[in-house]
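Here the chain labels run A, B, C and D in written order, and each chain numbers its own residues starting at 1.
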Amino acid sequence: MELWYTDQHTDNVRFSMKVEKELVSLESFYQKINLLKTYDYGKVLVLDGELMITERDEFIYHEMAVHVPMAVHPKVKKVLVIGGGDGGSARELTKYDTIEQIDVVEVDAEVVRICKEFFPEVSDSLSDKRVKIHFEEGIRFARGIYDEYDLIIVDCADPYGPAEGLFTREFYGICWKALKEDGILINQHESPYYEQHARSVQMAHKHIQFSFPYSTVYQCHIPSYPSGHWLFGFASKKYDPIKDLDDEKWNNLGIQTRYYNTKLHQGAFYLPNYVMELLEI
Amino acid sequence: MELWYTDQHTDNVRFSMKVEKELVSLESFYQKINLLKTYDYGKVLVLDGELMITERDEFIYHEMAVHVPMAVHPKVKKVLVIGGGDGGSARELTKYDTIEQIDVVEVDAEVVRICKEFFPEVSDSLSDKRVKIHFEEGIRFARGIYDEYDLIIVDCADPYGPAEGLFTREFYGICWKALKEDGILINQHESPYYEQHARSVQMAHKHIQFSFPYSTVYQCHIPSYPSGHWLFGFASKKYDPIKDLDDEKWNNLGIQTRYYNTKLHQGAFYLPNYVMELLEI
Amino acid sequence: MELWYTDQHTDNVRFSMKVEKELVSLESFYQKINLLKTYDYGKVLVLDGELMITERDEFIYHEMAVHVPMAVHPKVKKVLVIGGGDGGSARELTKYDTIEQIDVVEVDAEVVRICKEFFPEVSDSLSDKRVKIHFEEGIRFARGIYDEYDLIIVDCADPYGPAEGLFTREFYGICWKALKEDGILINQHESPYYEQHARSVQMAHKHIQFSFPYSTVYQCHIPSYPSGHWLFGFASKKYDPIKDLDDEKWNNLGIQTRYYNTKLHQGAFYLPNYVMELLEI
Amino acid sequence: MELWYTDQHTDNVRFSMKVEKELVSLESFYQKINLLKTYDYGKVLVLDGELMITERDEFIYHEMAVHVPMAVHPKVKKVLVIGGGDGGSARELTKYDTIEQIDVVEVDAEVVRICKEFFPEVSDSLSDKRVKIHFEEGIRFARGIYDEYDLIIVDCADPYGPAEGLFTREFYGICWKALKEDGILINQHESPYYEQHARSVQMAHKHIQFSFPYSTVYQCHIPSYPSGHWLFGFASKKYDPIKDLDDEKWNNLGIQTRYYNTKLHQGAFYLPNYVMELLEI
């Protein structure tokens, strides 16, 4: 059957996947949630019509969100994941024995329930005893927390609609306070390529720079995301993402990854000229 | 008007661009040639239905094909471009005053004519006096040439159909002979992501390794190509793409680029684990 | 979410409906069965990728298949429906108190089960006590039956794949034998418009003419079917579809219809020139 | 090349044709004009993104617009065509030797120029000496004309945008005055099927009834138009479209048609129940 899901990358660019089966279609209190089984991308989670993660390439996103800061910061014990109800970031974090607590703050309990039922490859670690799920808005949860986290990962949807508040200067200020004196903030940062996304990236980067002494972005290849060229923001109070990379230590941990490695870690920060100009790096 | 061009990335993945106008539609002796004006990618050259280059992101492809070897090899004087009838590789090459001769071997004269008329941003340098265009098959042109080129760039279509011969062991052997003792061979190498492409990459890489002592691949982000994750092969008789990079010298040349820089040069060779496994690097 | 089902009318014409939800997706012993909830056509039954009926316009198909012969034949008591597992033809037939027995011969029990569960508007009458469902191949069921039915309705898929046998001369001969001496045979006949369908129509019509003294086609407007211009074959041993129409009697029955009426009945047999030429009528 | 033109039948229904070549793409003073060569529908004229006519099925539209009134009215000498810059209605009208003058009032001279150059099969009769083309707005042209035409054909685009004024009560009043005492008005009337179109049909019919003693609609099958089920309005001061049909006379004229015949003429007025209810006929 010719059944196709389309993610509109821009008004004039469409990315379409052939669908084998719709596994979930419901409306939660917050959003429409769909889970599709596609032929080439496996299971695909769609929130309010926008592609969130695919079974086939989510490993790239989650490895890059987690292992980059983990290979830089020498002693992460407590992590806050804002968004991330699918469990992918938590899965990568639980690979580190030294982490003691992972707070996942997901506003929509239905997302967690569905990923637990239909996406166990991604969500299984949510039942790790170090992981605590808080069904609450990220900004509300983080406000009023001081000096507590070594690492905050903002693993959220695009900055249109519900996740909008997570791209504001106010929010980055809240994160700054919630981090310890050597904390790191990672946030998903859209693509630098299409104009609309590029402006979001630019704005988010400016807001972060306002609060954090170290602030840069790094890139990776995520085929299912608009343009395939995806950025994360790396902001920190103390550590430099390249100088403070302890590759020997990380490699000795023996953590299995399919995308990340400590060489690629460095390469991810070597950006194209047009991206550096966009961000005034 | 809702007029859309679709590039079928796989049987189950479609990438579609909204078309403003069709500028060219004809059939040459070798292939169907279309030139479309799209809303978000500008002009787009399509050969036999497959997207070749877009006005918007061709700079990434051509800069990465040319400046990577040029920043490594100390004294390139004579270059062979196989394919490349659009003129993009030649444009980047003509930025180097030290290059004395650029042979562009394009089988289809119509491609050159159309790019000259409709795609001057890409093709203008084809009229540089150092550029000689040969309307001939690449493999036939190169056969019987010995010890002549400092650099060969294989700038061709995908390895299905007419360009198939440019992905064989025989062809790489011919290139080896045509290169001087310190020559470099660059070839476009498809994406490592989708299975069909991945197998082409794997095969091409094996064939090249058979002939060349130094053989590796490097990556870049080309949004209009399948998966956006694109590879080039770097094969050489003598130079290592990272150790022999002379960044100071290259930066002193003052060449303007929008994607390439010498930091990114290094990062481009730091590949994801899954790509290294695919290529057994 | 942009989820679209496409029915490929020809290789070069696509008809696409936006999907709200997939209600059923399974594979029976005979075929793939999908039931989609669409925005503008309501529920849509799809077998092996091909659109069968839609909630929104199935009434046209089923009314035209049933009421045309019923308004011509003076005393229908026993009816055979070949295919029709959705129950739509049976629904229209059960509106006649004078009908005593309706044999529905559907090869695929899953189609019946799914329509009963998800498409009650169409299938409800399958539980009428005059309706007997036989899970068997139509041709096999009918073979060896003599002089038994007043009316046979061939309510099947397109003549590619499983339903192919229902468009052969042999099958029409079997129907002839199974009908009483004044019996009528109705069969769905594709569209005269697109070339591929037109040839099927032509062929089927020739085969029927071979067996039946009265043989013609009639038309209706079914928006969800290829070209929207749909034909049924009317073949009979004795009755003429227009001369023997007893409109007064039919109108006195008080049967509620949304498409059919006895004026339109006549108009349905007044075909365009190009259709008459195609069928040599 | 996968190049597809889509006509959005509703927000949730798309009709798409594969395009071989774009023949024309320009913007006139009034609208965007595109002429596409498609695989299955031949040349297709598109105005402001909406499909107007296709080479393959325009004969249905134009034959039904012209021959229905011509077979009813006994002595048409002077005809006004409002819109119809493609020349299709004029082509059918010039088949009648008794017609003396055909005024075609087309607002956009570019439409005429393009159809003359690229669509000669449709536009050729525009050079018949009885045809006078007036580049003017239809409503402005007709206003102030009294008792002059035997037949007016409103052959215009959909009632959204420029053609909106041609669906108002005021306009039908103007037509009434411009017609002789036994004049006939034909207007294209959209489809009764999709809700948005259905409301236009309903409204137009009400407005016409207000002015004309005889007012009804008739239908035909146009595969490339939304739903394939298309209506025309027939309004007249004196003649009944069925009682006054002089089939013998018309058939003696020996006019060649591919869709229309005098039997089908009658059938075209026998409407489905749901259409009669919509129009309160």
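Just so it is clear, a contact is a pair of C-beta atoms (placed from the backbone, for glycine too) under 8 Å apart; a residue touches a chain by one contact, two chains touch by 3 or more.
Chain by chain, the UniProt names read as follows: A, B, C, D = Polyamine aminopropyltransferase.
Worth saying up front: this structure is predicted, and the values here are computed from it rather than measured.
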| item | value |
| --- | --- |
| For chain C paired with chain D, centre-to-centre distance based on mean C-alpha positions, whole Å | 33 |
| Between chain B and chain D, centroid-to-centroid distance (C-alpha), Å | 53 |
| Where chain B and chain C are represented by their mean Cα positions, the distance between them in whole Å | 57 |
| Multi-chain contact residues (two or more partners), chain C | 4 |
| Pairwise touch network: line, ring, star, complete, or other | ring |
| Which pairs of chains touch, using the document's own definition | A-B, A-C, B-D, C-D |
| Of all residues in chain C, those that touch chain A in their complex | 1-8, 19-22, 25, 32, 34, 36, 46, 49 |
| Residues on chain C engaged by chain D in the complex (per definition of touch) | 4, 10-18, 38-41, 57, 60, 193-194, 219, 221, 223, 227-229, 257-261, 263-274 |
